[in-house]
Every structure is written in C-alpha cells, then in structure tokens.
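Have a look at these structures, which come just after this line.
Across the two complexes that follow, chain A remains constant while its partner is chain B and subsequently chain C.
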Partner chain A sequence: MNFGFPHFMALLPVISLTVASVVVMLCTAFFRRHGLIAALTLLGLGITLACLHQQSGIAAIEVTPLMQFDRLSVFFSAWILVAAMVVTLLSWHYFRTREGLSEELYVLLLTATLGAVVMVSSIHFASFFLGLEILSVSLFALVAYPVTSLTRKDRSAASPIEAGIKYLILAGIASAMLAMGMAFLYAATGELSFSGIQTMLQTDAVHESRNLYAMGGIVMILAGVAFKLALVPFHMWTPDVYHGAPAPVTAFLATVSKFAMLVLILRAFLFARGDHPEAVIAVVTGVAAVSMLVGNLLALQQNNVKRMLAYSSISHSGYVLVAFLAGMVASTANAIKAEGIEVEAIAFYIVSYLLTSLTAFGVVSVLSSGRERVSYSRESGGNVDAETRDTDGLQDYESLFWKRPVMASVFAIALLSSAGIPLTIGFMGKFYIFAAGVTSALWWLLLVLIASSGIGLFYYLRLVLVMFRLPEGGHDGHGEEVMAPAQTTAAALVREIPVGARWLMVLLGGVILWLGVYPGPLMAEIRDILVAMRVAG
Partner chain B sequence: MEMFTFYLTSIIILTSILMVVISANAVHSLLYLILSSLAMAVIFFQMGAPFAAALEVIVYAGAIMVLFVFVVMMLNLGQAAVEEERTLMPLGIWRGPALLAALLLAELAFLLFQQPVASLPVAVYAKQVGITLFGPYLLAVELASILLMAGLVGAYHLGRPLLKKSATRTHVRES
Partner chain C sequence: MLNAIACVTLLPLFGFFVLTLLRPPERVAAWIGCGTVAAAAAILFTITIGFLQNPPAEGHAVVHYGTWVGIGSFQPGFSAWVDMLTLTMLCIITGVGFLIHVYSAGYMVRDEGFARYFSYLNLFIAAMTVLVMADNLLLLFMGWEGVGLCSYLLIGFWYRDPANGAAARKAFIVTRVGDTAMIIGFFMLYLQFSTIDIAEILRRSHEAIYFNQSLYTVVALLLLGGAVGKSAQLPLQTWLPDAMAGPTPVSALIHAATMVTAGVYLIARTHPLFMQAPLAQHAVGWVGLLTLLIAGASALVQVDIKRILAYSTISQIGYMFLGLGVGAWSASIFHLMTHAFFKALLFLSAGTVIFCLHHKQDITEMGGLRKLMPLTFASFVIGCGSLASLPLITSGFYSKDEILIGAWNSGEMAFFWGGVVGALITAVYSFRLVFVVFFGAPKTHPDHAPTLNMQVPLVLLGILSVMGGAIHLRLDGVLPIGSHEVSTGGHGMISALLIVLPLVGVALAWWLYRRGITWTKTTGAPAAMLFFRRGWAFDALYDAVLVHPWVWLATVNRSDVVDSGYTAVARLTQWLYQQASITQTGSVRWYAGVMIFGFTLILSAAVFL
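So, the complex of A and B:
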C-alpha cells in the first residue's frame, strides 16, 4: 500500500476534524465553559476549511481504496463545513440560555460533520457505511439533546427524547437494510468499491437485470438511501424528528445529513456507466413522483412551521430525484457515462437546497433562542414546556414582520427560495432541474413537478402572508403603536435577538438573493469541477 | 453433508432469534440471543473462517453476556430484586436453549471429527484479517474508533441523571 506525503496532505481536513473533536471533548472534560467550547469548535471547523482551501485545485488522489479526494469532495466538504459553522453559531445562541449542560453538543456536531465529510469523499462501501454511521450515531444524541421528556406537560409539544428514539430505531433499520444490500452486492460481484461493482455489474455473468442477488442488493441500498433522504415510502420519521429535535439540530439534520447522502449518490452516479435496468428506473420514477406530491400535499395541513418545512424537504428530495432520473435515462439512451446538464443540475440544486433550508431553520432557531433564564427558573414546576419549546407554531409567526422586520424578511426570502420564486437561488435550482428533465423528455414527471410546485406555493405563501398580517390592535401599520407587543404572542417577544445572530441570518438571506440574481460563478465552478472529474474518471 | 449441517445451524439461528423477539422476559431473550451468536459462530466455522468464529464467541456471546449481567446487577438492588430474580429464572426455562445448544454441540463435534475436514474454501486466519485491517482498511479502523467515541459521548450525555439538572450546572459553575 502506498501512503506518502500527498496522501497525508489530502487527508488533512479529515485529520483536522478528528483532532478538533478530540480536543473539544478533552476541553469539555476540564473546562465547562460554553463560550470557550463553542469558540474552539468554530476554530476547528475554520482550520479544516483552511486545509480544504489550500487544496482547492487538487488532482484526484486515492487515499487507500476507501476514499478519494478530488475537487468534487473538496467543493462539497467546504459547503458542509460552512453549514456546520452556521449550526455551531446557532446552537451557541440557542443553548446559551437554556438549562442543562450544552458542551457535549459540540463534540457530537464535530463528529457528525466528520461523518459527512467522509461520506462525501468515499468511493467504497466500507467508508460509506462508516461515515453514515458516524453521522447517524452523532445525530441520535443530537436529536435527543435537551432531555426534557420527564417534565413534559403539554402534549402538543414534541419531546426531543421521543424524536431521538424514533430516529434511532428507524435509522437502525435503514442501516441494517443498507448493510444487507451491500452484502448482497458483494455476494454477486465480489467487490466493495463503487467502480469495481460498476464494472462487475456490466459483465454478462452478473448483469444486474439478470442476477437476483445484485438486483436485491441494489433495491435494498436504494431503500436505505431513500430513508436518509426522506423519500416517500420511507418518509414517516421526518416530520416527527424535525419537530422534536431542537431547532439548530433540525437545521443540521435537514442540511448536512441530507446533503452528504446526496453528494454520495452523485458520486456513485458518476461511476455509473452504461444502461440502468428498467425496473430500477421505474421504481425511482415512482418514488420521485410520490415524494413530490405527498410532501407538498401533507405540508398543506401543517400548522407547525418545523413540520411544514420537514414535509417541504421531502418534496425537495423528490425534485432532486428528477435530475437523477434524467441522467439515468440519458445514459440508457446513449450508453455513455452520465454527464452534462443532469449532473450539473443535481450539484447546483443540492447547494441551493443547503442554503435555503439552512436559512429557514436558522431563522426558526434564532427566534427560539435568546430567552431570559429567569423566566424559566421562576416558573419551573409550572408550565415548563411553554417556556422551553421552540418558536414553531404558526401563531408565533403571526404578524412577525411588524415586530421583527429583519428576521421576517430573511425568513420570507428563504421561503420564496424554497418555493422557487425568481431572484432566489431556489429558482435557479428548480430551473436547472426542469432543464435536465426536458433534455431527457421526462414529460410526465415534469408535469408532476409543476403541479406539486404549484401546491407548494400555497403553503409557503400562506406562511409569508401570516408574517405580514397587520397585528391586531395595531392602528394602521404605521407608528409606534404597532410595535407594542401583541398580547397573544408576548412569550415570543421576551426573546432578545443579539446583533450577531441577526447579521448571520441577513448574510445567509443575502447569499440566497445574490446567487439567485448572479449564479454565474457558482455554475462555472460546478461545471469546472465536473469537467475535471470527467477527465480524471 | 455440509449442506445438512449448514441448514441445521440456520434453523437453530432462526429459532433462537424468533424466541429472542417473542419472549416476554428480557433475561429469556438474552439466553436465546447468546445461543444465536454461538450458532452464528458455527456457521462461520463451516465457511472456513475460524478466526471470525472465535471473535463471534468472544465478543458477542462473551461481551454481550457480561454487559447484560452488569446491567441486571446495576438495575436490581436489594432483597426485592432477589425475589424478582427468582421469578425471572424459573427452573424450566433453560430447557429450550439447552436443547438447541446440545444440537449445536453435537453438530460441532460431528464437524470436528469428520475425517476429511469438509471441503473448505480458503481458511481465513487472524493474520490475514490483521493485514487487511491495517493495510487497505486502515482508515476504516480509525473511523470506527471515531464512531465509538461519538456513541460514547452521546450515551454519556443521554444517560446522565435527568433530575437536578440546574443543580448540576451550578455545581459545575462553582467548581
């Protein structure tokens, strides 16, 4: 095995993340200072980002058969790290004023980020599975982090422990399916690396459409992946877990966890050559159509913002699948490696999805934090739950614009971007997907996409409408009277939003708008990376 | 003949796993769980992986057993627990697992004393496993250690006593 200095340098971001998580853990053991630990975490993520930056033009290099570092992995790892930094800031802000010890959170955040980075650069089932497990195991604890189930009074509020257990069991089953699928594929091909399996599957002996083992393995792996992406037959956990988890963790779950899985299948997709079996295409088409429709239709009925965003994220996974399908159909027709607009569309869309949901959940998180601790301890024993729950009911957003114009505007931008309104990055992403679908002539699927986007528009705009509604008792929308707290939402108003959190959100909203108006550089970068990948592959 | 022993072991595994799932009592499930991992070890042995078979016995049957015993010891304290222990383990309960285990033992003895050691593929011993783990799969070993760390930190946090959270905090602040 050859492992030299270049391999070490390529591995540097992973090593740096590992060191950061160990240092943060040891630091937590000796100095329990929330600010210090959060700052150390940010520093670790920053150093890792610097390591990534220094190898931004790297040629593809295989570090052991497990991982490959190339421009694709560097690009997407950088996005993961940026999202992790935002989540770190959000959770510092969110847990600062809450009861309980909050320092372990950062260790778990770092390990989860490490798992995501490993997934992004893995070219082998072993590293894929390990990365996924590191991510999932960290997420189990993160979802259940504020252990408040014992004091729960209000049944309508979801408890983090409940969400954590749901996620633990269902993710466990999904992982078991994934492992079984890998075992089947290994039994059929004798290979565990993506490229090896792909070559073996093309040989006549184990051609996927003929070999039952290979077929079963592929279907089981698809099921495991679909669970992580919350695609429809495997979407049941999403609203409950997104709702029960603390808001910053939901932000992480919706962005980084999904993003890493999407990048991984994008990479596996790049290895795919030749035709895909009809059955797999049919299954994926069905899943995509149902995900788009079910996600959007169920979101219509939600009165909880976190649940609504969860259903919206289900439909977004469906949209991405359209681009994947376009690529699969194209490669069937031309019998060439998947390339061109489809892969570009996937890459662009997942970046736009990352930014949009990070902003949306970020706003929910910022609005849920910053409460005075006094109010908690004074009323402890009484209505604890109303004090600790997140600001996620629809009524909390009633006329938010007139109380918190900045946050409401950023939230509106994120929602419009989710809906795919022009001038936001979400529009560019959806446009890309649409173009990919048109290229491969997936008319029925595109029809479903248009219809479900139309349905989706309703609930995004309803939330925007609620936010911009004039407060009751306010005179006419002008003057100081309106700014006085409305009685019904007094609890939400106790919360102070520090300047830093506000600027962070404004920055994210600005990026969404900026990339929506001027997406050229990002598109050029993605195209550049894909060209480099094609040359290397 | 190999097929016969293979299927017999598989039936034992399936039976005991079924019993793990349907037993109402956790301790009974545990007995069957241990049995199923022992049977799994026999399967590995037949497949030509004696090292994996030994690991299966040591890690699963051994470590899980110890873990459960610890948990039972930590959960049950005092005289009432002793009484409960008696109801947990009525006399007859060992018969099912014992029967299956006896079958396994007979099968293993049969396999061991069979003259030409069944047409093995390639036997994989500890050395090959070690070379693979610390060769191409080096990163996987490292990643697995991080996985354990994440699990440990998470379990530590969730397992911390729920009561007196604010007391813990002020205590930590003061110290």
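So, the complex of A and C:
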C-alpha cells in the first residue's frame, strides 16, 4: 500500500485530534483542573483546525481505500470543529458551577469529534462504521453526564443516566441494522467501498439475481442512517435523549452528530448515479413526508424547550430529505449523476441547520449555566434540583426578553431561522430546498413541506411570544389559553449569565443574520467545492 | 474611482446605523447626519467629473460588488449601473439632500426626536441612491420600497398626533396600490426574459424572439401604475397633500425634490419598453396632462401654504409625465432637476415662514412679510418665478419650454394646449401665493429669525434655481433623441407664446390680488371653489367607492366565515398533536418495538412494491 508524506499530511487533522484526546486524558489523570482541561481541549481543536486550513484547496487524496480527503471533507470538517469548539466553551460554562467530576467529558468530546471527522472523509463502509461507532460510543457516555444527578429527587425531570441508557439500547439496534445491511450489500456485490458498490449495483447481474439482497441491504442501511437523523419511524429516542442529556451535550448531539451523518450520505449520494430504484424513492418520500409532519406536530404544544427543539430537528431532517429526493428524481430522469442545485441545496441547508441548532441549543445551555440568581417561592417541593436542572421549561422563558434582552434576542433569531423567516440563514436554506424541489417537480412533497412549515411556525412563534411578553400585568389578552405555558405553578429559573458565553451567542446570532442577508459567498464556496468534486469524481 | 460609488449609499447608511443605535445629542447627530451626506456628495461629484472627462466607451459602466444569492438562474447581484441618467439623479439626491440636511439642523432644533429624524433622513438618502443605481429589478424594488418606508416614517414623524399617523398610513397604502401593479410587471418581465438584469431586459426587448406587443403594453401600463403611485399622479395622487403632515424639510426633500420623481425615473429608465408600447406611452402623456390641470386648479384655491406647494408638485410632475408621454425624454429629466431645485427652495422658504411664525401654515394669517423677512421673500420670489417659468432668468422656463416644444412636435395638440393652459394656471397660483403672503399689511409678526444654517441653503438653492437652466445634461447616450430636439416649424411663435404667457399670468394674479380676489374664503364660497380645494373630491370618491364598502363588508363579516375554515385546520392540527404525543411513552420497549415495526413496514414496502 502506498503511504507517503502527502498522505500523512492529509491525515494530519485526524492524527491531531487523536493526539489531543490522549493528551487531555493523561492530563486529566494528573491535574483535575476544569479550566485547564477545557483550555487544552480548545487548543487541540484549534490545532486541528489549523491543520485543516493547511490543506484547504488541495486536490483530492485517498488515504488507504477507506478515506478520502478533499475539499468537501475539509470544508465540512472545519464546520464540525467550529461546532465542537463552541460546545467546549458551552460545556465549560455549564459544568463549572455544577457538582461532580466533569473533566473526562472533554476526552469524550474530542473522540466524538474524531468520529465525526472520520465519517466526513470516509468513502468505505468500514470507515463509515468505525467513525459512526467512535462517535456513538462517546455519545453514550456524554449523554449520561453529570454523574451526580443519580441522587436527584425530582422524578419529573429527565435523568441523564436514563437518557444515556435509552440512547445506548436504541442506537445499538440501529447499529445492528446498519451492520447487517452492509453485510447484505457485501453479499450482493462483493464490495464495501461506495464507488465499488455503486458500480456493481449498475451491472445487470446484480440487478437480476441478487436483487433481494441488495434491496434489503439498502433498506437496512437507510434505517441505520435514519436513526441517527431521527427520521420517522426511528425518531422516538430523540425527545427523551435530547431532554435528558445536559444542554451542551444536547447541542453536540443535535449538531455535530447529525451533521456528520448528513455529510456522509451527501458524499455517498455524489457517487450514486443514474437510476435510483423506484421502491427506494417511494420509501424515502414516505419517510420525508411523515418526518416533516410528525416532527412538527409533536412539537406543537410541547412545554419543554429542549423537547420542542428535538421534535423540530426531526422535521428538519425531513426537509433535507426533500432535497435528496429532488436529486434522486433528477438523476433518475436524466440518467446522470446527481448534480446542480439539489446537491448545493443539501450542502447549504446542513450548514444552515448546524448554525441554527447550535445557536438554539447554545442559548439553552448558556441559560442553564451559572448560578441561580433569583429563586421564586414554589408551591411544591424545595429548591433541591434548582442547581442542576436545565433552564428548559417554557415558564423559564416567560418574559425572558425583559430580564435577559441579549439572550432572548439571539434565541429569537435562532428560532426564526429554524422557522425559515427571511433575513436569516434558515430562510435561505429552505428557499434552496424549495427551489430544488421545484426543479424536480416534487409538488406533493413541497405541499407537505409548506403545510408542516406552517405548523412549525406556530410553536416557534409561540416561544418567541412567550419570551417577549411583558412581565406581570402586561397581558394583552390575545390567545392566552393556547399560548400560556401549561404548568404555571412551576417557578421560573433565572441564572446569572457568564459574560463570555453571552458574547459567543451574540456572535453566532450575528452569523445567522449575516449569512441570511448575504449568503452569496457561502453559496459560491459550496458550488466551487461541488464542481471540484464533480471534476474529480 | 468608479468603484467608490458604493460609498454614496454606504456612508448615509452608516450614518443611519450610528444615529439609530447611539441616539447621540443634537449637535453630534447633526454633524453625523450632514457629514455623511456631504462626504457622499463629495465622492459623487468627483466620480461625476471623472465620468464626464473620460466617459466609458459604451456610455455606461457596471460596478459589480458581489452576488447576493445564487440559486439556479436567479443571480441578483449587488451592482451599480452608472450612466449619465444615474449620475444626474444621484447629484440631485445628494446635492439637494445635503442642503436640506443642513437646513434641517436649524429647523428641527430642540425637537425631542432630533437624532431619530436624521437617522430616517440618512436612510432615505441611502435607499434613494440604491433605487437609482440599481442594475437589477430586485435592487430597484428594494430601493423603491426603502424610500416608501422612509416616507412613511417621516410623514408620521410627529406620531403623537393621530392625524399624522393617519396621513402616513394613507401615503403608504395608496402607494402600495401602485407598487403591487409594478411588482406584477416585474414578475412578467422575469417570466418573459428570464433575467432580472434591467439592461439585459431592455436589450432583449428589441429582439424578435422575445417581441410581444401586447405583453409589452401590459407591462408598461403596470410599470406606469407603480410610477403614478410613487409620483402622486392621477388616480393615486391623493396621498401627497396629506403627506405635508411631516416636517417641512422632509416635504422639500422627499415629497418634492427626490422621491416623488422616482416614477419619472422609472419610466425614463425603462423607456425602450414604453417606446415599443405606443399605447402605454400615450397613456403616460394623458396621465400627466390631466394631473397637471386638476392639481393646478386645486393649487389655485388652497389656503394652507404647504398644500399649495403640494398640489403644485403634483402638477409639475404632471409636466414631467407629459414630457415622457410625448417622447421628450431628456426634457423631462431636465425639468425633474430644475424642479428639484426650485421646489426645494420653495418648501424651505415656506418652512422658514412657518418656523418664524410659530408654526402657522394658513396664508390668510400671513401678509406683508416682504419687509420683515427680506431673504425669505427673495428666495420665495425666485422659487415662484421659476415655478411660473418667468422667461429667460429662471431655470423653470428652459425646462418647461422644452417639454412644451416636445408636445408641439408630437403632433398631439391636446398635449400642447393643455400644457399651455397649465402654465398659465401655474403662473397665477404661484404669484397669488407670493402676493398674499408677502404683500399687504402684516397680520402676524415673526417672533424669531431664521438661523444661519437655514439661510445658507436658501441662498444656494436660489442660485441653482436661477442658474440651473444653463446646466446642460449630457443624456444623449442614455435616452433617445427627444421630440423637443427635432426641429419643425412654428417654434418662433411658440417661444413668443411661452415668454408672454407667464407674464400674463403674473399680471393676472396681481390684478386679482388688487381686486381682493384671493380665493381664500372658507365659508360661503362658490361650490366649484370648494370642490377644487378638496382636490376634486377624490378622497370622498375613494371613500365612497372603496373604503366604505370594504368597511361595510368587514362589519357584516365580523364573525369571519372564511376564518372558520382556518379554525377547523387549527383544531385538526391540535387533535393530530394529541394523537401523535400518545406515541411518546418514554419506555424503551415501546420505542424499540416501533423501530422494528417501522423497519419491517419499510422493508416490505421496498421489496414488494
């Protein structure tokens, strides 16, 4: 096997991440200093980002048959690293004021990021599975942080341990399906690399004799992928896990973990050319439509902000599928590789999703950081879990704008971006997807997209309304019965906001607005990358 | 150097942001407001001189700054289209705009919304420059709506008086009617030519494969709809007199000199379309003619000094439309420029009168101000002289002359004679105003004098109003040769007529004034006079035909029939939510079961379908 200096250089980000996680782990063993560990993690991520910067614009290079480093992987790895850095900062603020040992969290964060980067660059099922499992196994433990909450008395709040175990079991099932699907595909084609499988699937031999194997394999892999993307009917874990996990981990789960999987299927999709089996198109159409509807419906009157955002992320995965379908339909019709507006739409949308979700969960995380400032008298129970509970009940957001104008404004921007309101990047992403759908004439699916966006608008705006409502006595009498949070007896939780975290959120909100007003450069960059991919492939 | 043209927009925009976010004290706000516009104007004049000295080969240049979004064939760019028409408009906007900024610093002194005022004014300059520099329909529309927004904000600037808010809403809604027509026209253009680049659309409109006479006519009429809304022409002229509720410098800048001429600019910019749709171009001429006569008659009998000027603005823009209608393209733009000078001068002078007479606007309470306010008197006479187009010494004479010669050459005699009658009316009402306000016995004494920063703009605008006629606009590459530049017979006679006519008008006004006929009575006046004063009762007409039936419909349908459908949808959604949320049990067994069940379903669908 040919492994020279260029290959080493290309692999450098992965090596750097690995080294960083080992260094952070060793450091934790000797110095239990939260700030130091967090800083080291940031440093490791920063060095990796610098390594990536080094190779931006390089020609595509295959490192072993498993991974390919090219502009696509560099671009998306950079986003993953930025998100990981944000999550590191959020975690630092979040766990600083909480009891328990949280230094190991950063090791897991680094390994999870490593898994994501491996996924983004993989062109082979082996590396795909490897990356996915590195990511997932790290996440099982991450979700269960902080360990002290074993002692919590309040049964109503979700426990991280419970969430971790749920995630472990269900993700295990999904991984099993994925592995089985790969085995079936291997049985059908004798290949495990994306391009090899693609070539074999086009040959008539596979078409005729082993159709069932291939089809079964494809569906199983789709199921495994759908689990990660929280698509219906593999979405059930999402609200419980998102809710139970500590807020910064939820941010990671919703952004990096999903993002890596989306990039991976985008890459696999670039290999797919020509005919897509009609049955697959039908299945994916169904999943997309149901995901968009069910995700938004479930979020409709949800009174827990983390759960609401979890449901909303289900529907966002459905939106992305619309663009994938547009590409599948277009390439089936023209018997060529999927290219043009559909792939651009996918790439742009997932970046917009990453930014928006990171900001939304980031705000929840920042609001949950810091010590409790005002504790209102509550009717039931003591103040037991006020210190550890996340600020995620709808009542915590009541009139937030008048108490925390900056955070409320940034949150409102993120919510509007999720809803796809103009002047935010979310609008541009949705517009892109819509344009892709129109190009491929997916009218029914677009109708579902519009209807579900309409439903979605309700709960986003409901939250915005709750945040901007005037405090005490400022009732305007409009739609009280629908809009008011259900459990008004629970006390609102208000904490001190760390200054640094606030600026971080303002920065993210600003990026959402800036890219919503002037997305041209980002679009041009994505198009460049995809053109380069097309030439190379 | 041409690349710096973005500064003309960005500097005032920067000023807007600073003023909005920081709300600095008066003196600082005035410096920021005037300073940014002054810098923009200075940059622009440098660019214009450079452009004139060595013009680009094609007569225009495009400065591309970036692409806003690029989705498929829809690629709107941030690009500036620079030719002499754009530069002329920009010079008017920033030049007159700067003078009015300076004047405002004196006029608005000790107003609690001082910084807010300047921020709006800066935003207006930014939006207006976007409008005239836009090289694609989207950017044009953005500027178009931006100035509409600023107009709304500034008419309702003193928002505590509900009447001002009502006037602002009226202006916004009435112009919206025109804007709707315009944007439908834009969509049709995009459908036909599949580009939003204006120059490209105009170029393709000449090509045989795109040619479609009826479509061009419809589009041109829709664009005319947008133009009449913005430029307060028949039948959407009703908002402008009410728009005088805003501060007087705003009336000078937005509702006289710049924004209301956007319609003229739009038609001049898209003139190839209008030239291929003779019916629509003819309609432009008729709109102009009728408007100038109707508004002129109303101006004769108003008693509010600002309303007189408002009607006269409508009437003068009518002349510009008339010029466009008869193909005297550059004459219209020329009149646009001179009108900007003298109408701004008139409004600022009127503002000075109002300012010094503690906010009195009724001309019946004025009189004899000639001796008390000599500078204001001088500038008012210059302005009115130019408006009445007194021969040889005023700029208005030269521009109106060109339009009427164009009308004569077009062969449509109604246009010419209508314009002549309008010119006579103009002379009469403008000097009626001068005589009533500045002659006779003083009725109200001014309690304070205009400040220096109010006087300087008056002097400069006065000079421009006199000398403006000598400016030679070099629009020949941009606009086609106008009908006024073709020589046919009979010009000597027309010139003689146009020289004598204003003098007759002034004499008539003097004679009427001496006889005590000033049409200022509010009670016991003839019905016709009241009819004219109410702007030919257009407001009452629209109320009866549009507003009342609509309100009636809304009252009848109080328990909205259509709404019940939506309520049903909401109920259904809520029900679906309840059904869906049952599935979220929280138990892992159930979740795993659903996963397996769903997987089986999908697999069988994929295999057996």
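Rule of thumb we're sticking to: the second predicted complex is superposed on the first by the 496 of 537 C-alpha atoms of A that agree within 3 Å, B and C clash if a C-alpha of one lies under 4 Å from a C-alpha of the other, contacts with A are read in each partner's own complex, and residues count from 1 in each chain.
Methods note: contacts are C-beta pairs under 8 Å (C-beta built on N, C-alpha and C of every residue); 3 or more make two chains touch, one makes a residue touch a chain.
These numbers were taken from a predicted model, which means no experiment stands behind them.
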Check your understanding: After superposition on the shared chain, which partner residues are touched by A:Glu133: those of chain B (first), chain C (second), both, or neither?
Key -> first
Exercise for review: Tell me which partner A:Gly286 touches in the superposition: chain B (first), chain C (second), both or neither.
Suggested key: second
Exercise for review: In the overlay, answer first, second, both or neither for which of chain B and chain C A:Pro239 touches.
Suggested key: second
Practice item. Return first, second, both or neither, reflecting whether A:Tyr186 touches chain B, chain C, both chains, or no partner chain. Key: neither
Check your understanding: More residues of chain A are touched by which partner: chain B or chain C?
Key -> C
Review point. Does chain B (first) or chain C (second) touch A:Tyr213, or do both, or does neither?
Key: neither
Check your understanding: Touch check for A:Thr439: first (chain B), second (chain C), both, or neither?
Key -> second
Check your understanding: Looking at the overlay, does A:Pro519 come into contact with chain B only (first), chain C only (second), both, or neither?
Key -> second
Practice item. Enumerate the contact residues on chain A facing chain C in the complex. Key: 165-166, 169-170, 173-174, 177, 212, 215-216, 218-220, 222-223, 227, 232-234, 236-237, 239-240, 277-280, 282-283, 286-287, 294, 297-298, 300-301, 341, 344, 428, 431-432, 435, 439, 455, 458, 518-521, 523-524, 527
Review point. Where on chain B does chain A make contact in their complex?
Key: 135-140, 142-144, 146-147, 149-151, 153-158, 160, 162-163, 165-166, 168-169, 172-173
Exercise for review: Give every residue of chain A touching chain B within the complex, in rising order.
Suggested key: 1, 18, 21-22, 25, 32, 63-67, 99-101, 104, 107-108, 111-112, 114-115, 118, 126-127, 130-131, 133-134, 137-138, 140-142, 144-145, 147, 150, 164, 377, 380
Check your understanding: Mind pulling up the chain C residues that touch chain A in the complex?
Key -> 66-72, 74, 573-574, 576-577, 580-581, 583-584, 586, 588, 590-592, 594-599, 601-603, 605-607, 609
